[in-house]
Every structure is written in structure tokens, then in C-alpha cells.
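Common to both upcoming complexes is chain A, partnered first by chain B, then by chain C.
And now, the complex of A and B:
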């Protein structure tokens, strides 16, 4: 809670008044009080000048998280887990455009960056650019609006309608406690990157991507294995050029690969998932196994824990990733039973849970979500908890900062 | 948690659908009459293999996306016949990806309730909020 001291002058010109600007213009957490004084500041105006004192309730400045991934790679599932960790269910804005991509919960607003497409479907066809191409996106607007929200100012954000392929009239986004921007390019533009308090990249290998898209599309009329494959291949050059390079900027990368536990497995059901965590990120302490900074190989299945085929393998250790020091936690295999989950959770450190078994509880709560029995669900949940921890640390540190005063 | 199984009369459909309350959703349930149920209210609620469809708008979106996917896949195959590395070919398959993902997102939203539920509460007179009849 910020403390603001306000002074009123004795002699106010009768035409002057103290007023508060209209609420919608401000973030809920910034109160501006405008004082009108006697000094003549502008010609042709009333004889009231004004000075503005801004009180910042420091702990309520919006925390911005970026999530990058290709289409069809699990962003929605990640969002649902993330918002659940923060509390509450995220839903589309009530009563607005039914095709809005935005999700809102008590604490969190999730914005889909497709809303910043500068070209709609027809426009992209005409210009010969895919949605992956930066030329199809308005990074200036993206930067302006994310910055505004971060500064506590509501924005009118465009809506990209995925059904019609058109850009719909804008919707109002009020600054939340946590803003998540998810899409193809959250870390592409350097200015936007600098606004992010934390960033995540979902790196899905080609084989797994293919398997997931088969699961997604095979029931659709018109699709076949060939068309699914052709779509992935055709998009690959743009994906490699514009999307993939963002992973070097991410604070955490969740890499999803085929399992190494089953020789020649091509079903893509059992997954090997690596959580690559950057070292030295403010308010983010990487998860570790047993001994931080050492290299560990761990098979929990044995005398105390029986697992069914193909079992579970963990590893942990330091590494470098695109020139950065990282710690990598890896899980290969599947959880079959509740006790396997809780056993694994009890051996992980720095997981930022608020109570014993919180990870297990979160995974069980959403057992119908894809990946709830493997590393994708586990690491997404862990990242969610780390972000919650990061948010709370930021809030605590801002509350300790003295109030800022600015004069117009 | 209330959930419904609705039975829709398919080809001889003039009787419309019948609603019964408090059954569990069988997500594989097709809109076929398997047994008659009596209920005072006649509300059209169809739990298709895809999910909950109550309003015209949702049925329209589902249909639109299904047709779009088919259309775009055919287009892409045609466009890419000439040159697989051309911009037109890339864009065509990107469109296929976009509509495929949009359909998947709609399917997911439809799992628990019709996605237009809250919109239609506020805008019941909207064309899209007409109750969907098979």
C-alpha cells in the first residue's frame, strides 16, 4: 500500500476545482489528483494551471509474461494451467465479441498476439506472407499497448477473428495484476522483449509436432496424413527464420522430444521433456534435483516406487544454451499413479509450492488436460508456480520502494 | 454440476429435441434418438461428438470452419502443384493451419458448454443466439 501526502492550498480561485480524471483512463492502481493553481499557464484558458501528483501504489504495477510457441503446440493448455495456478478460471470477456481471443480471470489477463496482425487473412494472401512473417504483424502497436498496460493505462486492443480471418473492432483491456502475452512473436521485437518480466518458449520437436497435429486434425474432413505433413513442412522455413530464434531470449524453455525409453517409438505418446532454465534471472531460482549445480541422473522407480513400462527417468545438470548459463531438468516417461507423482514432487527443490503436494494437486485438478501424466504437464505447472513466486517477489520489492512524485 | 444428454431426431426431425436434466455427458453421444424422454420444456440442446451446441451461432461457426478446412486443403494442394517453395504455397498451407487450429479451439471451448452462452445471455435477440434446431 503506498502512502501519498496531499496538500491543498488555501487560496483557490473560485473557478478552479480539484478534480479526478475519469476512471477508465487510468489503471486501477494509479490515482492522479489534479490541482488547479492560480498561475496562468496557458493563454486563452481559464486562469487555472495545474500540477499533477501521481501516487503509485507500487505493488500493483502489471507484471508482464511472454509465452512463445508455434500454432498447435500447447499454448492454450499452458495458459489454462498457468491461470489455474494464479487462482480462478480464465474466461473470455463477458458480453463482448464472442470471437475474442482474450482470457480474463481475477488476477490475470491473457492476450493473444494474433490480435496485432497488421494484415488479415486476405491481406496476407495478397502480399504472399504467412502469419509467421513479421511483416504480417504491427510491432509498434504491440509495444505501445503492452507498455501502456504495464504503466496502468487501459487500451483499445484490436481483435483478430480466427473464424472470419478479419480484424474486428477493438475491445478494452484494463491493466490486470498479471498480463500474459502469448503467440508467435512475444520476444521478436526488442522493445517488447524489454517489457517482459519473464518469458517462456515452448520448443516442440518436429516428430512430436507431427504426432500432436495428427491427433488434432485426423478426425477433420479434408485432412489426411499427407496434408498434415505438408502443412508442417510448408511453414517450416518461416518458422525457422522468425519464430525459433526467439528461444535464445527465453528465461525458460520447455523442450518436448520423443522418448528415449522406447526404441524406435514413433507414436509420440511417451515424451521426453526438458525444462531449460536460465541462470541469473531476477526473482527466478531454477528448480533442481538433490544438489544444485551438480549433475544428477535419477530413476525413481525401484524398491520404494514401482512404475509400469516404460518407467520414468530424470536428469538434472548445468549446461549452456545459446551462450547462456542454464540448468536443465529433464523427465522422460509417464506418470501412471498418484503416488509416483507425489514421490517425484517430494524430491524436487526450489519448486515454489505453498504446501506439500501442490504440484500433484494441480496436475490432478486438471487431469483431463493433455500432458497431465508427463513432463509437459509437470514442467508447465512448475513454471506456473515459479511465475507466481516471481510475481510475489516483484510485488514485495515494489512495496518497499518509496512513492514517486512527479510534477507536470 | 448439471450436465445434459440431449437427443436429436435426425432425418425425421420435425419433433425436434427433447431435454432431460441431470444426466452425464457422453462425449461420444451422437444426435440420434435412442429412447424417448419426456420433459415439460422443449429446448434444443445437442451433445454431438464434438461438444455442446445450443445456439445457431455456434453451429454456424462449426460448419464454417469444417468447410473452410476442406476448402483450404484442396486449395493448398492445387497451389503447390506448380512450385512447392513458392510464397503462395506457404501461405496456402499456413491458412490450413490457422483454420485447423481455430476448429480445435472451438471444439475445446464446446466441451463444457456452448461458447456463446454468456454472450447470448446479454444479447438474446441476436441472430446468432437463436436456438439451434437440427
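And now, the complex of A and C:
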């Protein structure tokens, strides 16, 4: 196995990319970079072959973020909020496979872990496994390629075509400033998990998931209530076995629950959302309300701020989550007016904004995104700001000590 | 009826006092100043007679504070805290009746409204009325004398001797900077009420009153549980009829309740104390926690502050009280250590301290006073600071517009 000289001597402080013929990526098969075929899977680092690797002289190494959630739980909205915080719009790779799952912005590349399915739809059917099952996913390749990108080396990543259910020819992923791996299993494999500089789990409660599916599949797609219930039930055992346990590893969990402001509410329109933030994570200082480390409940609606029914209720405090010390910020209810939003923002601390009202600006800018008026949008935006802050701190710390890796 | 020239032309902006022979006050009967005999009671202002009235040229007029509470409910502790905030110790008048109920400090004179009992102990017994009954109290004289003091004129105030149960000869009360009238009925009579620049009601719940009485009368004085219950029951109808209704007029109410931190607690040692502050009172801006006008609950004990069992719980929020808009600050639990106290103080706003830690300093200075480790001491001290602030604002406003009276 060939190890590139450039890699062994410079890659920790370099951004490298593989130059290749300027031809369309569709159907493009090239073996010079980290590959997804069986034979190379356990080879450790990239095989450079005879391709030309160019490395930039900067101190930057890709910062890797993991985002776990079930399908249809708002990952793509979250990604659009995250890239918006960094300033650019995220778009699919230009001139590539129109069914690519990748989104690229100036700073950030988001790859979908469905692309590491080792079994296509037919294969899963034949073997009787769901996409949630680790056996339907290629964690060796996932690890190798994420590691390569983190080390500044471009990879040829497969594409899982959600339309056809087949594995399409790969696309080149160049090392970005920030790589987000989003999907069902970003924290499942310990090796992949160790590559993450920050990890997030979107935890949608069964009640809310059910209400959302009814809204989408029944109202918009004409499915029956029974078939929706059956599809949720069918997914549940594998979800509980393989997806849900990942939340114990997350640095931040966004929990979405039914409101407690409306008795017996089952519409799932008003939400209670909890942002669970792990303590002691390098470059991540949890958001707090009024007094860090104490337990607070706050109804901002009162003499200075009037809110419409059912109002807004915040709470904040220390807790433990899977044995880890965490801080939890909770919002129940929704914003109806701009002044409610700016009022709440102005009372939160450690939100890593660059100017007064930045959260409000972000939520207003994307007011058409789902959840912009409630805790999902608020906390997704906050997590976006925290990731920007984390990224900037990592870059700054590398500039200060260029040869020291920040995460083992 | 003679009206002094000096009064009609200058008294609004003057502090006057009556000079009199330098002889002991005990048994001293002099009729030159506002008097307590029947014949002069409805004469309106003071009769100056032939005595010499001296008036200072300052803008100061006495600020009058009313403090209502049942007997044995901590009024005297409150008064000691209040005078301590102003810097001086409060003592009985020098050389006067040793059974005088009056306390005098540099700035403040505290008179006990029991001195306006129109019936002595025997008289009450004969007529079958309690001291709580308005018929046992002389509100005309109370009004006349408080008004005179407020207008800068010294009065000859009767003394109710708590030892003998008799009315002793009067004592001279010179107009102080601040006059506190404390007792059962400071807000009962509308005319007296209108003279108050600020009013406070100490509202001890029946459960706590009972626990305190058991502690004092049973443990310390050897009374039986039955006799204590009977004495409380006997007082209750008149208390409910004449004392309790005054709280609707109070600018601040300190409510003392059993703790909610210990299930089924009936020891009355750990207390839940509420400071109910009327909104819209001139020169009085209510204390708040974190965010003025919103609803907050706060457990300061957590990551930064560790507390012993059962901890400390604060809450704050807007409410209505007898139809008035109020803000309520509540503390349940008690301070065990200095750092708990200073931590809590540093998170309260609008407390009118003159330096960081002034509340803590006051509570430590008087750590032997009952309630220095709980909400009663904290809120009494805060009310003391608010009264100092109110006093200073009134003085400043009079200095700005010297001829304008601040309260009709």
C-alpha cells in the first residue's frame, strides 16, 4: 500500500486535494483516492496511487461534525440553518449526479450517511434488513473516508440514490473547512465517532414523530392512519436498537416533545423543545439563562412582553444525561411576533452571536423553514452558532500551536 | 384655638420643636403641644399656647412609615433592622419612662400605636373588648399627632404601659426625619393612612404563628398547648375583622408561610417568605429577579453554589393583590453559609443598596436577630433599604421643589 510522502509529512497542517481529469463526475470511476471497494477497505489511510495531490500551506484541517436523526426529522432544515450561519447557501455539487445527497457551501460540505449503505433497496429486501440496521451500512468505508477528509485528502464517495434505491457511481468530496456527516449512524461506529469534533442528536419523541407523519403522509400523501402506525411500529425495533443509543455520545441533543402548555395536546403544532448540552466539551460552552449552573424557570410573557396563547415557557438547569453532566435549556411554546423573539434572545447568555439580534435575524431570514417560530428553529440556530464558534476556536488554537492535533 | 404663626407660614418646610422646662418627663403634664385630652382632640392642628416653638430652616418634613402586624410577629426586629440600615442604633428616649415603647435613633423615631389605646387593660376587660378592637383605640388623637409630627410639630404622646396595663403620662415626641408608626392599626383609619408615605404589613400565616407561639409560650413560658390554641382562637375574630383587612392598603406585605421544601413540615423553622410589592407607588420601585415583569423560579443551589438540605428556592413574578398590580418575590428555605447569602444578593436587582454586599453585611451584623438566615430577615432588610431610598428621594424632590408637598 502506497503512503503518499505529502501525507506523512504535511497532512496535519495542510489541506490537500486530488487533481483529476476535468470530466463529468457522473459515472466517473477513479481509484486514486480513498475508495469504497471491498479490497481497500481496511488499508487504513488513503492510497494515493499515481494521482497528483496538492496541499495548501494553511493550518486548516477539516472540522468534522456529526448529526444523527431519523429520516424526516428535520436534518436538512438544520443543515440549511447551519450553513446560513456561516454565510453561504448550500447547494448540491455542480455538474454532478442530480440525485446526489451532498450539499456544499463556501465553508461547509454536508454528506448524507445513506451514501454508505452497503445494501441497496433490493439487497435489503432480500436479506430482510432495514436501512437502520448496521449490516446495511459500510462503516469501514465511512471511517476511512471521513478520516481521509479530516486529514485533508479528497475522497470518492458513493451515492445512494433515494429515488431509485440503487448505489450510483461515486462523487468526489474535497476536504472542506467543515464537514458535516448527517444521517442515521454518525455516532454508531466508535472509529467514526472519534473523528467527530462535535456531535448532535435530533431526538424527536414518538408522539411528535407520529403527529408529523400524520400531517405529512396522511394529509399530503393520502396514506391511511393504519399504514402510518404500521410503518412507525415496523421501524421501531431497529430504531431503538441502533439509532437511539447514539444519543448518549452526542455533545448536544435537541429533544422535541409535545407542549405542556396546552392540556392533552396531540396536534404536535406547539412544541416543547429541550437543548441538552454536555459539560466539559472542549471549545463548547453551553448556553444559559440568567445564572449559569442554577435551576431556572422563566415565563418571559408578563409586564414587559405580552404573548398570545398559550404563551412561552423557558427553563434551564443542570442535569445528568446517560451519566454525563449536562445543562438543559428548554423552550415550550412558540413565537408569534418579532418582539418576543428578540426579547428571548436578549436574555440568553453564551449564545456565541457576533452581533446583537443575530439569532433573530437568522430565524427571520428563514421564517419559511419549519420550526422558525419555536424551539427547534431557535436551538438549531444556536447550535449553528456554537459550531461556528467551535470552528473558529479550533482554527485559532491550531494557528497558535500548528503541530498539535486538537482531537486524538 | 391658637394657631402658631410659625406653623402657618413655615411649617411645610421646617422642622419645629417645642422647648420646655428641662425636667424629667415622668409624670410631666404640659399642654402647650398637641395633646391627648378629649377637649382638644378635634381641634385640628396643634395648639401652641405660650410655649416656644423653634423651627429649623431645612426643607425637611417628617417622612411617615406605617408598619402593621399582630403582637409578637417580629415588628421590633424589623424596626431594629430598619434603623440599622440608617446607621444608628435605636434606643428608648433618654431619661424618660422606662416602660416607654418608643425607640429613637439619629434619623428615625419608632412609636408604638398601643400608646393610642383609649382603654387600659381594666377598661377593656370591663367593656369586653380586645386591644384589636378599634373601640379600644383613639384614632382621632393618633391622626392629630401623626399629622402634627409630619408637619414638624412636637407632640405629647401618651404611653401605654405593657407591664402595668395602664396609660402612663405622656412623653414628648419631636419630629424626626423618619417616623415609623408600628402596631395593630397603622392603616385602619383612613386619615392616618393618608399620612403614610409608605406602609408595610407583616402577614404571618396561622400555621407559622401557631408554631412560633408554641415555641415561645410552651417551651419558654410553660403554657399548655390547649391554652395556646385557645388564646389564638380567642384573638382570631377581632384580628380578622380589624387587623387583617389593612393589608390591602400596604405598599409592601411580607408574608410568612410554612416551607414547601419539606413535605408536611410543621416545625415552622424553615420558612417560605413572600415580599409583595405594590406597583406604581411613588419613590418605590419593586425588587426583581433577573427579568423585571416576567415570571421566574430560581434554585440558586447548583453547579456554582452548593446548599445544605432543603436548599433555597426563589420565585418572582407579577400578580394582583386585592385588585392592585403587585410584584412578588419569594424565598423558601434558609441560608447556611455566607456565600449563599452574597450569591443571592448579587442576583437581585433594584435592591437600593449603596455598595456591593450591603444586605449581606446587614444580615451578618445582626445574625443574632430572629430570621437573619431566611426570607424574613432578607426582606425586612430589603424593605429597610427601600425606605432609605424612598426617604432620600423625597428629600431630593423637596430640595428641587421646596414648597410642594409630596403626599396630600
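Criterion: the second predicted complex is superposed on the first by the 338 of 408 C-alpha atoms of A that agree within 3 Å, B and C clash if a C-alpha of one lies under 4 Å from a C-alpha of the other, contacts with A are read in each partner's own complex, and residues count from 1 in each chain.
Operating definition for what follows: contacts are C-beta pairs under 8 Å (C-beta built on N, C-alpha and C of every residue); 3 or more make two chains touch, one makes a residue touch a chain.
It should be emphasised that the depicted structure is a prediction, and the values quoted were computed from it without experimental measurement.
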Open item on the list: Output check: A:129 vs chain B and chain C. Expected answer is one of first, second, both, neither. What do you get?
Closed with: first
Open item on the list: Looking at A:216 after the superposition, I want to know if it touches chain B, chain C, both of them or none. Which is it: first, second, both, neither?
Closed with: first
TODO: Determine, under the contact definition given at the top, whether A:170 touches first (chain B), second (chain C), both, or neither.
DONE: neither
Open item on the list: Quick check on the superposed pair: does A:357 touch chain B, chain C, both, or neither? Answer first, second, both or neither.
Closed with: neither
TODO: Could you look at A:121 and tell me whether it touches chain B, chain C, both or neither (first, second, both, neither)?
DONE: first
Task: In the superposition, chain B vs chain C on chain A residues touched - done: B
- [ ] In the overlay, answer first, second, both or neither for which of chain B and chain C A:370 touches.
- [x] neither
TODO: Starting from the residues of chain A touching chain B, keep only those that also touch chain C in the other complex, and list them.
DONE: none
Task: chain A contact footprint on chain B (complex, rising order) - done: 57, 61, 64-66, 69-74, 76-77, 80, 84, 87-106, 108, 115-116, 118-119, 122-123, 128
Task: Touching residues (chain side chain A, partner chain B) in the complex - done: 71-72, 76, 91-92, 94-96, 98, 121, 124-125, 128-132, 162-163, 165, 213, 216-217, 220-223, 227, 230-231, 233-235, 237-238
Task: Contacting residues of chain C [partner chain A, same complex] - done: 290-305, 317-318, 347
